[in-house]
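Read from first to last, the chains carry the letters A, B and C; within each, the first residue is number 1.
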């Protein structure tokens, strides 16, 4: 019954991959000094940070949806998709034999199972109190750098990033800027997520010296779900509206018909812009990506 | 529902319980069967208060057939009859040879041997009642309480069931208390009758003594007469 | 009851309207003067009032009235005090249809949302009535069928959301019914639709009243009861679908308003329909305005539909004792066929089949590159580490759910009863949810404790609620349903706020053997063996209880004690299984019925064969979930529902 009886073994797996993905052709020797450790990542934010530090993860959870949510930096083509982040394929993960698994509190329920495969490190960006997301992200970037033997790279990356942020702040400070409202229509055409306090975006706005038009309450993750009509309450002052992708196709026609939407001052003035996806729950790479997009846009419009 | 009443049932023979709708026949039967608890007063069995009997011990002495007994679909007659042994073997006890013998005997006595492997829902009305009575017989109770066992049956099946109960009482020395609507059937098959009205026991005695014009008027509030059965089987009542 | 009871409906309706108006004034008092302003220029507040607040008010009135009317018609037409768009699954059916259309053919939604919703509602109504017809439209059986179809639709939608990740979160808002409006389009579409349907209602009102005479009585008056019924139900379905397509699922108004109208004394059909509609409109208006006031205070987003569902649960529990439920004891004739051969060999064959299935699930899998393969013993250490615990846990959970389901079905004499319906699974989930939100990074044992506490609380509540009636089966089942609905509402509201933790909850709810370790699998198996064994030992109780309370008592069984013990046993098994596979599996519903349909009628064999079927179903579901979309995993609980339901329907058709 088993003409093609293939053993599910590590050796075979390495061979199987050779056929499909070339990057593992010479799997780095484990724990050999200086060689990059094999890391499986269950969190997009941590994965972007690792890429920024020059470490390519062996596998990333939900890799197939990377482009929808993260876009930049791009995922190296050979990265293994581990399955959905809340339920990564443990059998597959065991075969990858990682040296380290990086998770976030969001997927912490799987921690005991993951620990049977490799040591687990948790990267915490969002917590009920304490430092803001960006501050935590900076600290976690240094910690990851140390863990991966990339302390120098981490320091250099952070220095460069903050130098760039400071530069952008200086450039923006010369412009007459309105407040910005940051929303995404992930729900439907009648409701928006608006980002405010405790969000990564807010931290970036603070660094850049840009005012956030939404000063209302936000949840644990730094956003609030609001009906479209509440956006009207921000409409008196000059506000630049930024809408993040992804946005569902069926919402566009509905939005374009809505009198309330159409009568919002920033819509009437066409003071709104679509941004490509920026991971809202990301780390430093997402922050700098948002900062660059925002600065570029504001400079183009207001100088 | 019931006014205070004092009834003594002595062992042996068939008792018929008659009366108009809502006279308390079924309630009395349910009290005796421990299906409902008396709000006041006492019911005793063999001199012991019913409250003091344990469930299975009581069921070994008194068998009760509800008015509309329900059998789950797919149940075989022999399985139904075997349920009658629960009071003897209990929850965890083995189904012993004694249990097997009692079931076989009960099925023979009630003439349901040939139905043993039929499912209950495929039986005719009369056969079904016989199967239930077989279960009561397997239960080896000395006293059977039957709540309108003939209400849904045609005449020939009514006779079949009542004759069976009477024969069982005679053959095994059992006592049966039967709630009946049809006075002529009651007169024909019961040794003694008890008449209830508005929750009171208003008459008791053997059919010939009890079924008199004036007594019948008291029981049913309409004029009724009595004539002897043409073939000599007791008496027949008729409405004026 | 009392003929001279005064009709209190006008007073109640008036009070509700007054309360709603007062709340609305609180909400709008600062904005109302804007109406008098000249239209020139842009005033944010004025725009909000004109294009958001006022349409929202109108839509809430329209939807409340339509749902209440739909419920009142259904209750009349089916002579069932528990009928409503929610309890018959009409809303859930519309919801699933829209989700499916959104994924498969989004063009359909642009062309005709209403038609899609209507098709969904009509299809669920068809299924529910097909189930109900088998029980002569027994009220409890019909509602059970409706809620099970609701659960099934919900499970499918959940799976779609899980597989499409965060993208479909919008479905939650819709699924939990938000009345937020940005223009008059909803009101303008809904208004004429409802007007036409109301015309239809007026035409059938009189025949509807005659239905009260019963089947024969109606026919003797020269009216075809089934024609009236079909017509009335069609209108009710259309009303529910119209609302669902406009604003989503608004739970329980359709049950609450007609119930209030009836209890307040509206007996004749005309007043009952009119007052139900008015009370429904006032109820939804009041709820929605209160939700807005609250939300403004808390700065949070709360979908109105979830709130009505949360409020509806206690109401259902409150009304239960006042409803006269006709309950035909005994099991429905699902199958008169039965296995005639010797029982034990047949049971052995069933268990042997299960063992084969377990071996297949253990040894057939995918290579990391994705190809199918049969593993040899040389891979044993990998299989033992990652596959064996899941096979074991799935087997244990399936067997326990099956045994619990068999107990409940025999206890209630209702083939639609199951642990999923009892609400115990819901209790475990609520406990775990509470832990998740109280502790940032809960450890697994802590979560387990939460589940156990939740289970114990629900079990205790069920015990107290139903003890006085001697654990009367229909009370038990309905109380369980109410608790389950509350969980749904809670999760829905949570998910609609967009909190990412709700996805974690969703994963649990969908039921997965994911991450099961050897130790916990062993514990589950031991528990399953012990508890299922105990159930088999108590098989004689399970045999006697279907004879009805009086029959069982006549044989010397202490009915309340037997019911109590069996209930605790079913509760324990459900809790132990829920921790593994979540509350949505349906194995507890299907496995005992599969055993029955195969001809195993008596308690002992039914439980053994049912447990084998349940274990087999669950481990097959787990295997499919692990392998089909590799490396992505589908939760075993939901896959079992998807696999098992067609199987069950096929079995039911055959008999």
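Here is the rule we use: contacts are C-beta pairs under 8 Å (C-beta built on N, C-alpha and C of every residue); 3 or more make two chains touch, one makes a residue touch a chain.
The chain list, named the UniProt way, goes like this: C = Ferric hydroxamate ABC transporter, permease component FhuB.
What you see is a predicted model, and the numbers here were worked out from it, not measured in a lab.
Taken together, the touching pairs link the chains end to end in a line with two free ends.
Most remote from subunit B, judged by the distance between CA-atom centroids, is A.
Subunit C has its Cα centroid 45 Å from the Cα centroid of subunit B. With centres set at the average Cα position, the gap from subunit A to subunit B is 80 Å.
Put simply, the C-alpha centre of subunit A and that of subunit C have 36 angstrom between them. Shown for subunit A are the residues in touch with two or more other chains, of which there are none. If you check the complex, the residues on subunit B that touch subunit C are 33-35, 54-60, 63-66, 69-76, 79, 83-84, 86-87, 91-92, 117, 119, 121-122, 139. By the touch criterion stated above, subunit C contacts subunit B in their complex at residues 329-338, 340, 410, 537-538, 540-541, 543-544, 546-548, 550-551, 553-558, 596, 599, 601-602.
Across the interface of their complex, subunit C is touched by residues 1-2, 4-9, 12-13, 16-17, 19-20, 62, 65, 68-69, 81-84, 86-92, 94-96, 105-106, 108-110, 112-113, 116, 122, 127-128, 186-191, 193, 216-217, 219-221, 223-229, 232-233, 235-236, 246, 248-250, 253, 257-261, 263, 265, 268, 281 of subunit A.
The residues of subunit C lying in touch with subunit A in their complex are 42, 44-45, 47-48, 51-53, 102, 106, 109-110, 162, 165-167, 169-170, 173-174, 178, 180-183, 185, 298-301, 365, 367-369, 371, 373-376, 378-379, 382, 385-387, 440-444, 447, 496-501, 503-504, 507, 512, 514-515, 517, 626, 630-633, 635.
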